[in-house]
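Letters A, B, C and D mark the chains as written, and numbering starts fresh at 1 in each.
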């Protein structure tokens, strides 16, 4: 184990960082898990329109306790709401939006990402459980920008950003940006480019947790989200 | 006078044959025709192929059909949702077969059948394990997979309102797979919360036009 | 010219005859021209639902003078109405209904029909005018029953029911029944079967106006529509 | 604040390049964005490929563009509709090209592009002159023709109401090609009768969701 002189981002802080890149007017699909949290961290006053694969365009925040509507759920089957300007479509139209490149951004979770942007996020091939793919393959193919939020390493400390994915692919060469708990990394034709690292992190230390070769952007910045408590309150 | 309304869920699912492909709309527990699924359980058809997004919950609806050994195959995108123990037990016992299909591909394959087309090329799943054995083609520099139309013998639909012709509206995200599945089966059976007079539904806001609907039954408080 | 001891049906009478075969609850598309007239002759009390390719399901009769709506036109661009229970869909859905076999009956006009049910109704290959196909090929392929209303012979008295069409095909082997101004003829695997003829007509005389061999159904009937004036008033 | 409204039809069609493929919605004279077509005439783009059901009427809208020699090709199902003399003259002078496509195939090819698919097999036109040169395949005993996606650089859309996000509703049979074309272009420009407040359109009755719309301009009495 490498001794840590840094504090990895929390799930909320990773979601916060991803949310900062969502632009006014973007149509965005948030995957199940950490990506879902990003909806809470869009900077105030910035209108971003969230898409849910089950036929919601203009998904709002979680309902207040007691105001849950049994007919309003998100892709993770959690209760949700509709914002003014939102509307409902059926499944074929919801996936037409995804597959047809109408979404600006798809924020996904991942098990593994390769240096060429291959994504593995649908099955670990655990023989005890049936596989499930849901909308993962559709989302990995359709949006104009596919971005991933993931822990930089596995629970055992092994890299999850790899030369080649070990799990079955969701889609090849689709990921353009990775938000990890240690850094923000762009997948470029020239390889992986670190554009932000958390305070105290060095390229050498980050490389030690990453299989393929990393390059540091000349204008890289410190990845400095609000304190976890502030981020949560935003 | 055209009147597609039937009085009971038993009449609604009458005639479903062993070996049928049944389209079961819904996403998780939302927009699922649970009353019709229960009626299908009573009706007795066996060796069913179920097309659905998920694989049932608890021991009601689809899960109950699975527990009763009536399902031969499930075509779905995400069986692991909620309490899917009925499916999991049958899957582990190898008493049913699973065909895993990406969610957008399931819905598009059903629309493809509904639209009278012979199949389509999709970039989704190209180069992955789920495309193994499928025809592929490079179109505009991108690998595509050939997908075939998917047809139901019966569709079990949950809507909000219907009129006697069978025009339907839905509520919020309970719309999901319902309008697509309603178009894609030989026999489309609908449970609704309420019937309204012909002409009462806004002609600009009908989601499923009557042409796709065969039988309607009112369930719940208004039954 | 064969001297006529019979009176061919008028356009209205042909439309009347076709309308009698439309059943309660049928979803029906009426082609431009004579087929459009059939809507007026559905027996009273029988509910038939008319589809228009431009996105109307539940098309009603012509509007009363002064009540025309500029946004309500039929496939021939004539003003029309919506009946209670009707609704609007977009073009892709309107043709999904056609192509997908959801219509019970498609009533079409024709230049020529072959003994195997080939249909030619979209172009005469007049070099002076551009061809137009509209929804003809979609309609000839999709409905559960494709029926044709046509004059039995051309203006020059030449047969239009042929061994093989001379004009370019709309679709092969699609027509199941022909309503002409002389007879009702079914296209069967065993050939053309005359099921009705107008009063005074004989199989020999009908055969003289028809290229392929006709058979007379054992239970054939006299085709006796109301007088033209009655039919028009119905 | 998202606001897709622009103030003039000139702003609405700004940036259309020579050689663009323009999707022109409407059926006959119904549901046609005539104000946007006039603005496109003013704007000046040349060598246009027009996708439409018909070929224009009189000397306004599409017909005016044709008369001005700005149209290189028309992809349509039925050019012979109304007073189509503008088209007819250009057709006879061979100054424009006609690609005749069955009406349902045009709309499905545009939906195919909108849905991110690479093409589909259709039984329509199989074995006819319009299928000459196209790939065919027998599927379930029936001959099918391979049809490719059809994409617009620009779509000119006529709707009834819009909000500032670009959600749209239509009136009666003026809906026709509009929702399909709105999905199938890189730049979707809409003329509407009226703007309404965000949230005023019934979320169950929006026909074109805002995601497909880029610019909205109010025309007519409410402009």
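Quick note on the criterion: a residue touches a chain if its C-beta (ideal position, glycine included) is under 8 Å from a C-beta of that chain, and two chains touch if they have at least 3 such contacts.
Here the structure is a predicted model, which is why all the values come from computation and not from measurement.
Of all chains, A has its CA centroid at the greatest distance from the CA centroid of chain C.
Comparing chain pairs B-C and A-B, the larger number of C-beta contacts belongs to A-B.
Rounded to a whole number, the gap between the C-alpha centres of chain B and chain C is 36 angstrom.
Taking each chain's centre as the mean of its C-alpha atoms, chain A lies 57 Å from chain C. Here the CA centre of chain B is 33 Å from the CA centre of chain D. Annotation for chain A: residues touching 2 or more other chains are 82, 88-89, 95, 98-99, 141-142.
In chain B, 108, 111, 115-117, 122-123, 170-172, 203-204, 207 are the positions where the chain touches two or more neighbouring chains simultaneously. Pairs of chains in mutual contact: A-B, A-D, B-C, B-D, C-D. Within the complex, the chain B residues that touch chain C are 1-2, 111, 113-117, 163-165, 167, 183, 198-199, 201, 203-204, 206, 209-212.
Those residues of chain B that touch chain D in the shared complex are 108, 112, 115-123, 137, 139-140, 142, 144, 169-172, 202-205, 207. Put simply, chain D touches chain C in their complex at residues 27-31, 55, 77-82, 87-88, 91-92, 98, 100-105, 107-108, 110-111, 122-130, 170-180, 207.
Considering their complex, residues 52-56, 69-73, 77, 80, 82, 88-92, 94-95, 98-99, 123, 128-138, 141-142, 168-172 of chain A touch chain B.
Within the complex formed with chain B, the residues of chain C that make contact are 24-25, 27, 47, 49, 51, 57-58, 82, 84-89, 93, 95-103, 141-142.
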